[in-house]
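For reference, the structure I am asking about is given below.
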Amino acid sequence: MFSHQISGDIYLKLLELNDATDLFAITDGSRNYLREWLPWVDGTKSVDDSKSFIEMTMNQYASNNGFQAGIWFCNQLVGCIGYHAMDWANRKTSIGYWLAEDFQGHGIMTQATQALVDIAITEYKLNRVEISAAVENQKSRAIPERLGFEEEGCLHQNEWLYDHFVDHILYATLQSKWKR
Amino acid sequence: MFSHQISGDIYLKLLELNDATDLFAITDGSRNYLREWLPWVDGTKSVDDSKSFIEMTMNQYASNNGFQAGIWFCNQLVGCIGYHAMDWANRKTSIGYWLAEDFQGHGIMTQATQALVDIAITEYKLNRVEISAAVENQKSRAIPERLGFEEEGCLHQNEWLYDHFVDHILYATLQSKWKR
Amino acid sequence: MFSHQISGDIYLKLLELNDATDLFAITDGSRNYLREWLPWVDGTKSVDDSKSFIEMTMNQYASNNGFQAGIWFCNQLVGCIGYHAMDWANRKTSIGYWLAEDFQGHGIMTQATQALVDIAITEYKLNRVEISAAVENQKSRAIPERLGFEEEGCLHQNEWLYDHFVDHILYATLQSKWKR
Amino acid sequence: MFSHQISGDIYLKLLELNDATDLFAITDGSRNYLREWLPWVDGTKSVDDSKSFIEMTMNQYASNNGFQAGIWFCNQLVGCIGYHAMDWANRKTSIGYWLAEDFQGHGIMTQATQALVDIAITEYKLNRVEISAAVENQKSRAIPERLGFEEEGCLHQNEWLYDHFVDHILYATLQSKWKR
Amino acid sequence: MFSHQISGDIYLKLLELNDATDLFAITDGSRNYLREWLPWVDGTKSVDDSKSFIEMTMNQYASNNGFQAGIWFCNQLVGCIGYHAMDWANRKTSIGYWLAEDFQGHGIMTQATQALVDIAITEYKLNRVEISAAVENQKSRAIPERLGFEEEGCLHQNEWLYDHFVDHILYATLQSKWKR
Amino acid sequence: MFSHQISGDIYLKLLELNDATDLFAITDGSRNYLREWLPWVDGTKSVDDSKSFIEMTMNQYASNNGFQAGIWFCNQLVGCIGYHAMDWANRKTSIGYWLAEDFQGHGIMTQATQALVDIAITEYKLNRVEISAAVENQKSRAIPERLGFEEEGCLHQNEWLYDHFVDHILYATLQSKWKR
């Protein structure tokens, strides 16, 4: 319905309740792959859990606090990308994303992330966009690196993943450095 | 950002807070024209009123109760269209719309309305879509008539417009009758 | 406690939590009869469901959005009548009602409905009161017809009843036409 | 609309928003008289204050926490009576009341209070009903005394009245002692 | 963490969620002893019930409506004391407390109660502090008597304890009578 | 009332509404000094603004999301320290603080911060505590450096201060590295 075209094959769409079945299916289908770096996978046990997540994102959107979008590739839901929250006072935000296992390697996430940085800077007039990724999550780190984000530091034991903490690399770009 | 393309020139977009200035401008610019048939025009006195309206529509969307979209024509906000509410139990809704004075006559609203009926029936799986228009509001009545809605009745003194009641014609279409 | 006397035998009373047992009993006792035209009967499985309904009606009343009243006949709760919602901007409302099977044929509902139209017009200063009934629900249609409501149209597939849609006839009366 | 008849001339009615004008008028008309014993009189400066009070009482009613009723005498609003709150766990409540200056001496408040004790004990199945009155407020103290309440104690400096504290006599009756 | 030292061995601390386990343990360990005079003991069946109670008290505190504190004796949680609610308009409150069976007889509760009266009068600037206790609960009555509260009356059947009502003695002290 | 003693002269206390006057006074008295590094100073124009801040912190505390404490030195309110929020899932938090101009140089803030790290790690069982400070705010940076926090990175244009962005140094300590 409401979508943001990224390239011929790829578009983003605000997640809606009737996406819950598809969202759960790709989560469930990539479970082992996704849980290596995502803390919420084990807690997503049924379509109702995906529904609750979507309701939460709809409230985030309605509170003017950013949004979560589904990523469609060849008319199939293949992952998610969104802003964690909007810090309007300091005009900054951070971006999170994940992609189902079978759709890696097409440059989908790099393009989707580029789109979200564009939207943050040109539409929401933000000044700073952060991305953080686990030190050993090479695929995730490649995105901000490819997009010219600057590495700002290493945050020790920044995230709990089921049974251990992981360190994060913090990347950021600024309005003044972002070229389309 | 998130938009629904209707034709080369026309797209719909969920209203967001940064649309408030434009929304107020076209309301204010068509004030005399719009107030003939719309009850909320006199109460829209500043950008803050448009902001409040947009916040209300964001909450409507987040409550899974339909949405209000802006209509963009040649990259300019020219009007609004939306669902008043979703009656999920009976799988029906009704559509309301308005267009600034200068953009009448391009078939914009007919196409936008067709899009919302399509979305209601194919995406939201609704069964019945209503449109009601004041008996003497020929421009508004032409939309459902052009789209093949059936006239179901005349509702006497159905709406209060500043200083008088107006009668409404009720139109509806059903999933079984709607052909794309 | 707080009641509205209609005739020697009949009075209305705002539903309160201690009416839940009686309300469930008459629903349960007329289950087959009521479910032919009422969509909520199958979902009313215990006194707690009736309690939830009453809590909802108490909130409706507290929000100045109309009320639901029980109908007492010979000091026995025999049915319900109420306003679906108040449209203060357009000064209109609509009325819904049901009566347990054993108490049909005493003119109870015609008198109760007349009372609610009176209250809507004289106390709440409304201008328009609607009643809609399924085309084949003769008993329900007889009420507005007996009270001089005008038939305004036929709404196709307007309500979902468990496994099929039903068409509704829409009736209305106006302040200017209503004579006590 | 919904009323509780007490005698030929007197009835109680749940306060509704359209009673605000009358309620403010009798408050304003008895201002000097009422403020001797009532702490809220000086804060009631306009119809909007009476409206806020009525909204609060509608929410009290909807929360199953008792109600505030207007007292009508010869079809005129002359005062208020209500339960401060319901203590369902201990099955007790307390009653408060006031009457405009011109309607003193007709036994109105004794009858209204008797009605509220009856409702508390027979309809709400409460066990204990309290009334407290300032030691020197002879008119108010006469009500529970006339109705056979027992004096249980004297509460020192129990209430703040604009510029001084007043002592209260606490009266109570029990279900076992209350005879209709 | 945040505590109020009363004597070398005794301090009060606002209850926090990580106190739930200890709070449930002492409740469970004194169950028979406590239930003689406390109505909530039978309803406290698990640590989650103690957690719910603590959440309630944290909201009470955040609403500026008084607080509930745990009583620590020799670094062990041994009971609770708190204000039921704050009546800011009339500058009064009432105090409730309980102590686990094994810690009776050390003067703990007298000191804790004295502290809460001090806080009420000197920090919250209240004028009147009440304590009520069941007529036959000698241990509880001894506290206000020892602290010089005045006995103001006997409230019949004031509290429901599982299967019977109990009468209460009401005690109070005033700012003008309270000497440190 | 409820306090956390840090040394003979210094204690922390949860901020309460009756601290608003003092809190505003020290803000107002250090206005020029504080606004160099704190974004909220210009928006704090009256005691009511300090009251609103305190209400916000009481709700933070009641939501189990950390707390803001006042810092008392020689029985005088001299500054604030608190947790921005609690990230229970990842067991981490961050600390913010400020001190009125006249009380710099006594080691007050180092001791207060040490106390909050202690509480975070030993009472709240958190694993990671962050402090971030503007690159050129030497006084603020000295605190985590003195306490052995590790410098993890530099966040460009991380905060908006009235008319310009400032870069921040991010410091952190971990449970495993924190020695009492």
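Labels for the chains are A, B, C, D, E and F, by order of writing; each one numbers its residues from 1.
Note that in this section a contact is a pair of C-beta atoms (placed from the backbone, for glycine too) under 8 Å apart; a residue touches a chain by one contact, two chains touch by 3 or more.
Listed by chain with UniProt protein names: A, B, C, D, E, F = Ribosomal N-acetyltransferase YdaF.
For clarity, every value in this text was computed on a predicted model and none was experimentally measured.
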Chain B and chain A - chains in contact with each: none
Length of the shortest touching-chain route, chain A through to chain F: 1
Between chain A and chain E, the fewest steps along chains that touch one another: 2
Fitting chain A to chain C on CA atoms, where both chains share a sequence, rotation angle to nearest 5 degrees: 120
Chain E against chain D, contact positions shared by both copies (same if over half, else different): same
Label of the chain whose CA centroid is most distant from the centroid of chain C: F
Centre-of-Cα separation between chain F and chain D, whole angstrom: 50
Distance from chain C to chain B - Cα centre to Cα centre, in angstrom: 31
Inter-chain centre distance, chain A versus chain D - centres from mean C-alpha coordinates, in Å: 59
Touching two or more other chains - residue numbers and ranges from chain A: none
Category of the chain touch graph - line, ring, star, complete, other: ring
Traversal of the chain ring from chain E via chain F: E, F, A, B, C, D
Of all residues in chain F, those that touch chain A in their complex: 39, 89-92, 127-128, 150, 152-160, 165, 170, 172, 174
Chain A residues touching chain B - in the complex, by the definition given at the top: 1-4, 12-14, 16-18, 55, 58-59, 61-64, 69, 119, 123-125
